[in-house]
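A short write-up of the structure that comes next.
All chains are identified by letter, namely A, B and C, in their written order; residue positions are counted from 1 within each chain.
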């Protein structure tokens, strides 16, 4: 380690009044910003900010399968790549894909597979890209939230949007939407993705230590947050197309220059 | 039979659109007694049928569609054509006009790589790539004009109710416009300037397809550009 | 191994239209042959990076992050810090980009941007030394292309310069044989501000800042990077054809002129 900390003591994550290091309560989400259709070349795109996470998601497809042999005869192949920019984390990361990125690519794809109506496009691919421009804990969940929007923006039929959020245990207490330091110094991390209509959990991972009661309570907190995020996703999708012509044009300008 | 969403309302995937005995149309799906949207789009009801008109979407070929495509390869017995679909299309030599279609020896003299053709989808299903034909009136190679690519989902808007939008565009710009169902339009006019305005107008329709009063605003844009259409203007 | 690329997905008719219109002095987006597309520069967009700039050049979008870390100097330059430029043409930026290690296009982009910075001596690498021969500051310039609508080199070089100007670094010191970073916000030691200008040849016309569709019909392109004194510090010709000597001279003249305009824009926006 080239940086020497004064003493390796974890920061105080929850103060005596129950506020977290960033001022949030235990059951509070970080501020979320969702924008749809910001890229020109991609068939569908979405940009997510959640706390300090900044994630660009894009979809190309359905498109011809290259190479041909990966195609499936009766449905589209969904491919997903989760990738972090070298400057997205505190210590510069090599751009070559890591084992963690490969695992996350898989679980993200599997969180979205249940909703995409892939049967409509046999022998094609639907390619999903999640680029983490800045990471601060919970990037796979924010990536799923954005990837759902990008799929919808691309016009790919889906049964519903998938929202995702993580819950964790910090200083013995369940906390919603962990930041990077809370994840690093906390005792458990439980990322969850959820589809409300079908009432299905499509992403579930856990590492750390939780009692079964803590797991159930934590899961409940995460699902509640997913419902909130789901509402934000719907708003973001419809915002682009509403009849408020002036608002739309003004907003488009501020998105470019902001 | 209850329509839960309003006609012309913008809905997102997973939103409840109707309850009851409706017939399920495009971009909606049924779960038990309820019908949900599968796309971001606008709710429409056509008699008993409920559907969502998507705001964006790629082109999926249908038999009978007229499409504009680009030749990407000349093979031994036909051509590969890019019709901006997720499937490469094939135009066999036997499906070109003439007693036995184009002669095998000089296929590239009929259509060469990079040429644009107007064709019709002869066959397509889940197990095979689309098959095209250029036997038919108005089909074949396009030698002049502009190629405009827009989202296939916007083609109905570009044509308009009973052809009202496309008719207005042709009249006001003085251009010939052929609209492929696959989102590719061919435009040709007497002057490059006229063609340019027509192209601009088509992109404008694509951008603002969901807004009201579009036909008038597009017409205004064309008139402002100062292009003389079919009828001379003072 | 480098191979002739596939044909661009553009109909011959459209290619002809673009070439004919350009010959008459008209570009598809109504620009003059010597004009840049609208440039929008946002600085400090990635807080975790030491410096960052996002450039929109027309519809092209490039994000550059600069990170400064401690590392070892190269053996033959024990008294210099290290500069390393990397570029990713991530697949979300274009249907033509595939996932995988950088291909020749990404590598060329990175090396041309690098050349501009290195040869203009933009960074005072001697000031980056912490412990001669052992520990130096390593400046990572990571170029992330987010949307490809042509002329990625100029957009990337602009964003890279901006990110270097925008960068804030702590103070590096050696304490008991370990390197310590004292918090602080100091600028990188910069002495020069290289700006690249790319010109494409379409038919017989020279076009500054080619868009993607212009790149698809061009016969050749030349990137000229000039420094704050108008001296040329890097050049790169690309494409399947070539330039006459007269064309080269004209391009260099254009590059010097346009670089002055763009340099002012980047410096103003990057200080953030």
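As a working rule, a residue touches a chain if its C-beta (ideal position, glycine included) is under 8 Å from a C-beta of that chain, and two chains touch if they have at least 3 such contacts.
Everything numeric here is computed off the predicted structure, so don't read it as measured data.
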Computed over C-alpha atoms, the centroid farthest from that of chain C is that of chain B
Higher C-beta contact count, B-C or A-B? A-B
List the centre-to-centre spacing of chain A and chain C in whole Å, with centres computed as mean CA coordinates. 30
How big is the gap, in whole Å, between where the Cα atoms of chain B centre and where those of chain C centre? 39
Chain centre separation (chain A, chain B; CA means) in Å: 35
Contacts with 2+ other chains: residues of chain C: none
In chain B, which residues are in touch with two or more of the other chains? none
Expected list for chain A, residues touching two or more other chains, is 63
Touching residues on chain C, where the partner in the complex is chain B: 7, 9-15, 17, 20-21
So in the complex, the part of chain B that touches chain C is made up of which residues? 70, 72, 82, 112-116, 142-147, 192
List of chain C residues in touch with chain A within their complex: 40, 42, 45-49, 52, 56, 59, 61, 63, 65-67, 69-70, 86, 88, 90-95, 99, 101-102, 140, 142, 144, 146-149, 175, 178-181
In the complex, the residues of chain A that touch chain B are 43-44, 61-64, 73-74, 115, 117, 120-124, 152-161, 195-197, 233-234, 237-238, 241-243, 245
Touching residues on chain A, where the partner in the complex is chain C: 2-4, 39-42, 45, 52, 54, 56-58, 60, 63, 81, 83, 85-92, 95-96, 127, 129, 131, 133-136, 256-258
